[in-house]
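There are structures below to look over.
Each of the two complexes below includes subunit A, the first together with subunit B, the second together with subunit C.
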Partner chain A sequence: MAAITVFSPRTLPAVLKHRAVHKLGLLALAAAVLVPLANARWTGGAWPDALTVDLTKPLTEASTWIVDNRDTHPLFLYFFGHVSNAIVLAVRAVYLVLLAAGWAGVTALGALVAWRVAGLRLALGTVAAFLTCGWLGMWVPTMQTLALMVVAVAASVVVGALLGLAGGLSDRLNRALRPVLDTMQVLPAYAYLLPVVLVFGMGVPAAVLATVVYAAPPMARLTALGLRGADKEVLEAVRSLGATARQGLLTARIPLARKELLLGLNQTIMMALSMAVIASVIGAGGLGDRVYQALASVDVGAALAAGIPIVLLAVVLDRVTGAAGNGSTSAEPRRTGWLYALVAALAIAVAGRLMGRLDWPDAWTVRIAEPVNRAVDWMTAHLYSGVPVIGGTADWAAHFTTWVLNPLRDGLTWLPWWSVLLLVAALAWLIGTWQTALTAVLVMAAIGVLGVWTPALDTLSQVLAAVAVTLVIGFATGIAAARSDRLERALRPVLDVFQTMPQFVYLIPVVALFGVGRAPAVAAAVVYALPAVVRITTQGLRQVDAAAMESSSSLGATSWQQLRQVQLPLARPALLLAVNQGVVLVLAVVIIGGLVGGGALGYDVVFGLAQGDLATGLVAGAAIVCLGLMLDRVTQPTERRTKKGA
Partner chain B sequence: MRIRTRLCATAAVGSLLLLTGCGAADMTKQASPFANAQGSKTVTLSVQSWVGAQANVAVAQYLLEHELGYRVDTVQVDEVPAWDALSQGRVDAILEDWGHPEQEKRYVDDKKTITRGGELGVTGHIGWYVPTYFAQQHPDVTNWKNLNKYADLMRTAESGGKGQLMDGSPSYVTNDKALVANLDLDYQVVFAGSEAAQITQIKQFAKEKKPFLTYWYAPQWLFKKVPMTEVKLPAYKEGCDADPDKVACAYPHTPLEKYLNSDFARSGGKAAAFLKKFRWTTEDQNEVSLMIADQKLTPEQAAKKWVEGHESTWRAWLS
Partner chain C sequence: MSEAVLAETPVFSVNGLWKVFGPKADRIPADPELTALDPADLRARTGCTAAVRDVSFDVRKGEVFVVMGLSGSGKSTLVRCLTRLIEPTAGTLAIDGEDVRAMDKPRLRELRRHRAAMVFQHFGLLPHRTVLDNVAYGLEIQGLGKAERRARAAEVVAKVGLEGMEQRRPSQLSGGQRQRVGLARALAVDPEVLLFDEPFSALDPLIRRDMQEEVVRLHREEGRTMVFITHDLSEALKLGDRIALMRDGKVVQLGTPEEIVGSPADDYVREFVRDVPREQVLTVRTAMRTPTDGDAVTGPAVAPDATVSEAIEAVARAGEPARVVDEGRCLGVVDADGLLGVVAGTAKEAV
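Moving on, here comes the complex of A and B:
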């Protein structure tokens, strides 16, 4: 899911070290002036009460007003009502078409599209994926999710492409859009749900809208990137041929940006799918709802049965759209091929209909829940405690909590608030510019102003611990995978599965292994963030110049020396990106961590959603966003900003 | 529901604009897009996240589908949002409500978008529980006054130096933080964050016969797996929980209620009549819950088993 930007290897100039001292000196000076002032006015370590703004009252009033006026106020009747209505009708239309096509028709259509776009192998994969969905007894939920996805992705693509077009054509709009898209990138999916639910109520319209808001940004970003990246000479040539601006856009710039547009589509689909499960919390139905209901009866097997179709859909859609981005077949034979494909799909659908086999036959389903549950029970029973020498997972979790999480949390909360701000400023300035440092400090201060300083530091301590664990495991695995093709191939499906598997599925095993508390929350975050870190590390190491490797080995360097002195320094930008992605992804799971005892901000968001308490939920959500922005700035090297990475 | 006939005729996306282009569109009158597909009559039921609620819905669903010929969609929603969804007609009925006076006033009395559907026949009770194996060794733990004596034994990494009182899902009613403070207990409330996490943790504790103190509620199938004994808190008196910060008394016993969307209650035909009559006992509910959660039957299989054995009970609901 993570977009990977390629860097040219670059070494740290000596000047920078000078500059670093310079920056720190300036910062120390500012601190020397400001800290005594702040300290004299507000004593004590925690964020001073005088500097907080209590939003409880206005937010509660706003939410009451919305609920009371939702069925009478013109804004709702004439605007939101129509939006909601259109979504309901669109999803329904797609759903009815899918049901009318029957399982044979849908499978055939999917396979033929995959065949035209990406070749025979993926077509077979698509057939296997759809049949597995039916075989697991998940056909109808899969179709519900698919219907919702089709509408959500279509809307995201339209919205994203329009925004991207605006950003791609106008510099000013591009500058205005960038910070907005940056923010949306670090916004956890859960945080969108509460406001959307308040306005639209539970159900499919809210779910679709939350998905669109979540999935449109990558499309916008990549569209703008593609349009801006078009070859200047080609554009010049087009203009010299006398094409108008519109013709130039349609015939040159958009076709030239095809690759980015398709990558945008790919990312949008993946984001939308990952939202499909989270949106079940607000009544989206479909596969996500099955996972969520299985969670309630503590049934890992059933959750997995609904989770597998999501993984399969994600992998198939990812591969097919990915192949579309790379493929370049000429237009003419393609068109007739499409025609044949459509006719064939139609024929199969009609045949299925005539045979009265629209619904997936019950006799063809298999129940995997029971064996899976037995396996999970066995595993947790044997690993939980009392394993000789190394101790059980419960003991590890307890040690981790006592020796890592507690000191970290206590340390952070013990630090006076201004010193936390100073620390943030120093880190962000060292790695970035004074602008990034200023943003980081401001968002961190915003957390204090919102009145959630202490829980935010609690959450921060969990995030830091999780990132550290993720990086250690991720770098080790990534280095190993970069050195062995076989390992990389073996890892690929595993990473795919972990990246797309709904997090709800592994909540129960995580609790069964690590107990309730912050340790399982950290474990869930590590599982989620690890694949991206491993991928980026592997890719970064593999892209190190072959010549540099060659010359170092001809100089007689051992493989360990080679890794330490050539590969790792040269792959430094990729490793930094891995850190950044690790932080952002770990933060995205903070709320999920609230479901297993992570407490702090994550729990508050879940609480707000469960109790319809806008004040608690929204403030905690905003604080998570602030944390995300701060961590992003602190770990985001300057190169990435100037390079306009995706 | 209301736009059903028109919807079926105009499945094509092209007619979207025609339909929505003019006039007011009341969001609170829109049904789920997955309802009533292929011309069948659909009832949408809200399932809350606990298994008892799943049991109610499973049996209601089975009877609606097999005896009355409806198609039933279920949506899992938390308690408070479920009220909201019910008032908007996104779901047709809630079968088990633990008492939400604020929402009742707003939706039932003021807006009249929700109608009472009568009692479920089950009485709910929230309390603090310790495992029975521990209570037998230390009988005095079942009084709150002695809890501090055992705080050491209840300690976990998460609760730090204090004993751990485990709370569950954020959607449940809880006064535990106030109780711990007001009763001067040496305990730390640890929020498991979801019922699934809480149950999993309780099972792991029970496997090792470790002592623990947890917020829990009856009826609940877990009692059959992990026998637990309630800890006596200062007796509940009407109004003693009025101020959430000053609560120092036990939780009440609540007769669980059903609620129906008003439109559905009026025009829902046989389904609405059936849901109003649906009424069973704590034992019945536990029987089904246990089959779902412990024997890992699907809700449908569990409901089928119960329905086969209790025909006299459910016949009365259909008449």
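Moving on, here comes the complex of A and C:
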């Protein structure tokens, strides 16, 4: 009996192999027919010119038309104009309120909210975080970012909750929304920037809208999920007492979905922060802009001074909203507490005002930029290269570029275009269904049609290298953490912090360490994707059925045998999910790496924005979307399973 | 129950009721060829499940009407059809003579708010509310003010024995206590009829017995009409004034506990009631014979609806046959032989 439990995982791959051979055979057959045809017509390795559609002209025309008509056309005057004005006004208003409250008032308010929601420790943490922001001389940019965040989060929550409500109440809408939201979830943040810039131009409205588009989906998903997940019998009981649909929604379904709603709020806030920082490339201002400007002139010290407040903001926001989701449910006894908290915050704000201490006093700031830059200079001088035996960080980066990235990129571009499509098809079909394979091939082909085959393969090579490194380190760490409670406990807080940091922030340390180029972009991507991969791997291995583990140890399996024969095969779904997540996260940062010399598609987007050449940027953005879809589908183990899990 | 009660309009009057799940369910009750099929064939042919098939019964005022059957026999579906929590496919259904299937939405809500309240197997409590607010929930739905509904809820909470727990949350209660909350919530709206869907199946045996006694007590005190679903025969026999036994969506027998145990309608029912201690269900009427001249007039008196086991005790103690006496009139005599025959199951089956 035990033997069956232990060895059944090994029979699984056998079945799989059988099906896999089947699929590969079919694919080979299709290739044998199609490839000679394609080869005869369009020879050569790169994507044939005959099959591309040049969108530059129409896109340029469209963008010129929009620029010309922005002030006259009724669509802009009466719709986009109002939207834009409303956003500017709202952000401005929040910003002024924050300034009027003064640093003492804002800090007090933040601390009291944290205290009510999450307890004393987080309140102290909030105070420390705000004070650090001021101390680093970043009070004003922090308030700018906060003002933008407040407006963007409010809009995202409203939009997301409404969409989620629709999806939660109507099966039809849910079926329509679900795939769209799923897809939006895997797209890199960068893809959203250009379309909004096209319509709104650079500036705060575009930044807020891009943030809303990026941050609303998790709210929508989780709202719908929460509303749908309500205990059926509770709802039946509510109905049996004669509740109207509205009563049922307000008194049962929404309160029952509380956990999901708060989780949605948490995710929306975190994604909004991430995007608000990235949106500095389209004129968001605030902390992100400081980082962006500093990175552009490779001023690591200044980037760090703005990066630290971003991290602190992220950690505080995540902990406080997370605590709200885990907290107990009682609402009423707390009302008076909230009242006291508000009054106290107001009192502190007024006191600050009366003492004329609204702005953060200059005397209380430290300039960390210079010492940091001196340290970086020292590093550049001593650690970059020529360190005996181990070489230097810049040497490593150069070696990585020469020995890994270049051959990979050259190899990919050398491959005939149809063989790339075939590879994509084979991979996607082996793991998923023929539908996923078809989508993957079509979006990959779309990249060729858009005429950005070569830069896309460049980006792809960086993604593949980063994913490979991430998976090697991530699986090793994950396995180690799954086998040692001590290691897991030690890792947990580190992973928690890393998982909350906005993507942008990761560029700062890698630029300090490796300078600019493709290797630093890959390094940032690895660091960004690692925590998720480690966490999913550890959880997957730990959740392996205890009975199977027990029966295998009762058979005297060594722990290595146990890992190889029981844990890894049974954790296969989790490992595949880790791969999928790793790929999606890596792509997001590799694209942003365009800012620090990563080149390829990410650079095209930045270039397009910087030069006002929206056509180039839009095409690159579309290619990023396609690449994201392709990578997601290729690594998505049978759609159904992921759907259920989500 | 006397004749006067029987003459009243039944609380529920169900006639030829069908509930079919699946695609194009409407055609099935109307098609004699399809209705003749057994469940497996029907599913194979049409993809439909007939959960309730042509069920008819009346629930009389003040009685405990038990619907019993194995899991999957359609009990839950049937009881949900009564307030149209599940929409019936065919048949007629009336409450106090009023056609339920013809009711519009507001009328139906009115029915659910004031006339029939339900108690669920897994309680269906709102986890984010206190016990008191759970109990008051039905009143809140009706639009009552906070103070009034809480005052009324507090009374009901006391009635089901949960004083002092008003401010707890469902997660802080044991299973039995949670079901008391469920019961209180249904009682709080003061409904004409209580519907129970296997309310005690999820509880431990000892707690279950407590709860059953609670229901018996409530019924004795208030005389409220109850429709009680269970898969547990002993529960059915203990609580039911009348029992409808369901199988595959059909009612195979409807009668008093004594009729079901004493004269099973078919082999299925006979198999079902085989292990029932008959002497505790059957009344002395089953064992009674007409008095002959030889019978003494001195024997102990027992009531006609006393159980056989009670009569056995009386006969054994007196050492002579007992007289069955109703309002001073002697209906018959039970002796040791007759009683033994009932216990052994060799006596002729009563009608």
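The definition used in the following text is that the second predicted complex is superposed on the first by the 548 of 646 C-alpha atoms of A that agree within 3 Å, B and C clash if a C-alpha of one lies under 4 Å from a C-alpha of the other, contacts with A are read in each partner's own complex, and residues count from 1 in each chain.
FYI, contacts are C-beta pairs under 8 Å (C-beta built on N, C-alpha and C of every residue); 3 or more make two chains touch, one makes a residue touch a chain.
Given the structure is predicted, the values throughout are model-derived calculations rather than measurements.
Engineer: Just checking: does A:Ser484 make contact with subunit B only, subunit C only, both, or neither of them? Give me first, second, both or neither.
Structural biologist: It touches nothing on subunit B or subunit C.
Engineer: Check whether A:Ala90 is in contact with subunit B, with subunit C, with both or with neither, and answer first, second, both or neither.
Structural biologist: In the superposition, A:Ala90 touches subunit B alone.
Engineer: Touch check for A:Ala237: first (subunit B), second (subunit C), both, or neither?
Structural biologist: second
Engineer: In the overlay, answer first, second, both or neither for which of subunit B and subunit C A:Leu256 touches.
Structural biologist: Once the two structures are laid over each other on A, A:Leu256 reaches subunit C alone.
Engineer: With both complexes superposed on chain A, which partner does A:Gln247 reach: first (subunit B), second (subunit C), both or neither?
Structural biologist: A:Gln247 contacts subunit C only, not subunit B.
Engineer: May I ask you to name which of subunit B and subunit C touches more residues of subunit A?
Structural biologist: B
Engineer: Report the residues of subunit A in contact with subunit C in the complex, numbered from low to high.
Structural biologist: 231, 233-234, 236-244, 247, 251-252, 255-256, 258, 329
Engineer: What residues on subunit C touch subunit A, complex-wise?
Structural biologist: 80, 83, 85, 108-114, 117-118, 120-128, 137-138, 140-142, 169, 182, 185, 189, 195
Engineer: Within the complex, which stretch of subunit B touches subunit A?
Structural biologist: 7, 10-13, 16, 19-20, 24-34, 37-38, 47, 49-51, 54, 73-82, 84-85, 88, 90-91, 106, 156-158, 160, 166, 169-171, 190-201, 203-204, 207-208, 292-293, 296, 298
Engineer: Mind listing the subunit A positions that touch subunit B in their complex?
Structural biologist: On the subunit A side, the touching residues are 67, 70-71, 74, 76-78, 80-82, 84-93, 95-97, 99, 144, 147, 197, 200-205, 280-283, 285, 289, 292-293, 295-299, 301-302, 367, 369-370, 373, 380-381, 384-385, 394, 397-399, 401-402, 406, 507-508, 511-512, 515-520, 593-599, 602-603, 606-607, 609-612.
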